[in-house]
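Some structures to go through are shown next.
Note that subunit A is present in both complexes that follow, paired respectively with subunit B and with subunit C.
For the complex of A and B:
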């Protein structure tokens, strides 16, 4: 029997190529993108018209807000507000994620820990992180420590819970395989099988953690800061600088969107195998 | 017989030296307070060094459970397992397994090559590469080293699992219904391929299957299990010379005779179902 023979026996299309590329898929994606952006343009157009028709001065037209936004990005606000905000959000996200992954792996791995930690964790998770801001301010002042700490506290839970779950629910078949083919013991099992198998769920936790980091950033800056985007929005509102207030909100939206986009790109690379695997179920 | 890997060895030598031995094995499963399943009643069997043994039994009779107990993956409730004279507490280093569900046993985050190399971390990289190449060549997948398992068909994935097993240069190969989920044509090709690999490498092989034809075609001896709780109903010697050709073997009168007997044995075994 020859190679071609046995490989052909498995049938045409036996090798499932990455069916993602291809002209048709490309066209569908372009169409989807065009529709999505078209709808955004429509909404912005409606905003523009509503803003121009508005007599209460509560809604400036989109064009005015957009100009203000460009001014923000090109002006002092970039260094005094936007960058500090981003730095805090990312620092909090990174710290919260690290703590969440480490604790989550520990909890998922040593099941004996669960009975001890369960109630405490469920309680702590139920406490909304912003509620701890006043306490944090007492302890650390209205400092970056406070803000980053509260952001981390907000991000930690989804990461921790997803990681624990992912580590616990590794396919039993993978564990059997590892026990036959990876003879290095528990540490090797964790590193070579459990962690990779849990990555999709860890990533899902990180995604939620990222969104929460931005929310916590805004809250912490509104309450305990004299800089940052959250504070900028508040300042603008107090000065009745509505254009700037709207620009701040719009900028937050854009930043959140860009960060999510970046995260998705990283995720797609890291989890190419996972999407390939799932792609077959569809 | 530990380090022989070259095709030069014409056929495995048969010795009567027992390599794997199970005595009075029993296994229950209980799910909390729920009903208990008596999977394995009382199974004793032994496999000689270099022998190819097939275990047949009806679906759900505890074949996979038996294999997991044999390999040290699962602790039996009663009885004991000995491998090369030693009691089995963990998976022996020179034992490889091809699992029933290839899509849950190959690692989807690793390429075919890295899956095949998975058990070889102790070796230098160049040796690992060479072993993987050699194993993939034996299962005729040399062109697919850089694919991911999920990009391959079921039969090809099962061949990757076989390559992963033989790359270990094992002494014993356990296979759990390796061809159950591939189509009939592929199945015949895989059976012939596996039989010739096992012979070429001088492996001691234990094949679990519920396909009687497959058991007779591939094995030196067929062990027939009853329905759950399983016990050994009969052991039949297959005196058909090797190398065997699937069509020729199936035309032999010995084949039909064995086939009929095993069929009757399985059909006649009392089903002690709950």
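For the complex of A and C:
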């Protein structure tokens, strides 16, 4: 579906150029990266200058924030806030993804189920996950389990819906060929043909799920919490410790970026055959 | 390709639904009624499942009111304006944020789609900023904007600009070169090719991006209200929960869900309207 299409272009330009291969592709890639990082450096430079010129103390210069960030990573916060945050986000993401893939495959495979479930699923998906957080805390208490559960609840819908779509849209020819030429029952067919063919779209759903997990992680730590990065930046804002607040936000940005990079690397591996098959180098 | 796969000789169970999925223009009354009935059964089972969870105690009944009382709280809240007002605030912040995101993302997407150079320059910055969870910027927004609507609009726009930008960039970049070359060969100026060929051809990708953005926008708008206390459904439900008006909180969540459904339906309708023609082209929709 369309998410996959969007997804395909979001991979770093580097892959594109690399696939073209050769010296020119390499040079082009280096130039693109240099331009990109140059622009980032320019933006950071502007931030630094604006911060130094700022007399309201609302915007500390980049150098101050970066120093604070280093303090944050090397200090206590690493074990008390950063690691627990990451653990909750990953746990929620993994649980939500597993549930989403399993239910999505079931709904995509037994097509007769879909008309019965569609409306209920569309409604559940449309409920903004952050809105469930106060209710979940009320019902189950402000524990780590509640938080992980709500993170999983945020991640499950895009995974579920994309998986359903992906499984349902597997080309009929693949399934027919497998039925004709291969032995093995339905489970084999599912494992060897349907799941691989649906992988691109499942990956697209997982990518959205990852982004939502991070959002839910931050939100879940901003409400009724005493630890985590979300709590740290909100606390810093309330105490007017703006250096620390900006450092925390920057750290969240870096973490989101790193996780997405990691995800892209996994995705490229998992989908290498797909890009090759479609003759696309991005 | 929907059209082709539904023609394929599938297994019996697949064949039946394959036909319904082929978007038959003549939606006969009976078929339509059947679909509505099935949807209704699904929704009723959802309600039943919720009540069952309350009954067996998975959901503590003290903190999870029954569906009838939630329904009446929703109805009275809408009637006397205690829910309608916050809904309006949320909708306004959502719409303004999405508009701002489009105003920024659309031109940026077109430019980066057209020019490899522009794409290289902004590429790293976009790849870094896009995964930043928008809600992480709530404290920054509070410091900069205070608890005004500007806070919500800024954060919704930050979260939704990326799908719009990337949709546009993708759309512009994947316009069939044959179309562009043909138009150029027929003597059209570059500006005219952009206006008459590239922009119309990339509308479907833009519409898809916009639909993704619309959904994300609702999530972020509500999240910002919950955390910051800026006016809207999120703030309403959080304060209701904290003051022990649990039924009101549930009614607000239900309303937020209905708003999400409405946004999704509207976005689909808009996408169909803007991009429905693409289904009839050789490329088709996947």
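The rule is simple: the second predicted complex is superposed on the first by the 256 of 282 C-alpha atoms of A that agree within 3 Å, B and C clash if a C-alpha of one lies under 4 Å from a C-alpha of the other, contacts with A are read in each partner's own complex, and residues count from 1 in each chain.
As a working rule, a residue touches a chain if its C-beta (ideal position, glycine included) is under 8 Å from a C-beta of that chain, and two chains touch if they have at least 3 such contacts.
The structure displayed is predicted, hence computed values, not measured ones.
> Answer with first, second, both or neither: which of subunit B and subunit C does A:47 touch in the superposed model?
Neither: A:47 stays clear of subunit B and subunit C.
> Subunit A residues in contact: does subunit B have more, or subunit C?
C
> After lining up the shared chain so the two structures overlap, which partner does A:173 touch, if you call subunit B first and subunit C second: first, second, both or neither?
both
> Once the shared chain is lined up, is A:219 touching subunit B (first), subunit C (second), both, or neither of them?
second
> Is A:274 in contact with subunit B, with subunit C, with both, or with neither (first, second, both, neither)?
First partner only, subunit B.
> Go through the superposed model and pick first if A:183 touches only subunit B, second if only subunit C, both, or neither.
The first partner, subunit B, only.
> So in the superposed three-chain picture, is A:116 touching just subunit B, just subunit C, both, or none of them (first/second/both/neither)?
second
> In the superposed arrangement, what residues of subunit A touch both subunit B and subunit C?
Dual-contact residues (subunit A): 1, 3, 5-6, 9-10, 171-173, 176, 179.
> Under the touch definition given earlier, write down the residues of subunit A that touch subunit B in their complex.
Listed in rising order, the residues are 1, 3, 5-7, 9-11, 14-18, 171-174, 176-177, 179-184, 188, 192-193, 196-197, 199, 273-274, 276-277, 280.
> What residues on subunit B touch subunit A, complex-wise?
Result: residues 68, 71, 73, 90-91, 93, 95-97, 99, 101, 104-110, 118-119, 121, 140-144, 147-148, 150-156, 164, 168, 182-183, 185-186, 189-190, 192-193 of subunit B touch subunit A.
> Would you pull the subunit A residues touching subunit C in the complex into a rising list?
Counting only subunit A, the residues touching subunit C are 1-6, 8-10, 12-13, 31-33, 35-40, 43, 58, 110-112, 114-135, 138-139, 169, 171-173, 175-176, 179, 211-212, 214-215, 217-219, 222-223, 229-230, 233-234, 236-237, 242, 245-246, 248-249, 252-253, 256-257, 259-260.
> Which stretch or stretches of subunit C touch subunit A in the complex?
The touching residues are 2, 5, 8-11, 13-14, 16-18, 20, 35, 38-43, 45-46, 59-60, 63-64, 116-117, 119-125, 127-140, 142-144, 163, 166-167, 169-170, 173-174, 205, 208-209, 212, 215, 218-223, 226-227, 233-234, 237-238, 241-242, 246, 249-250, 252-253, 256-261, 263-264, 286.
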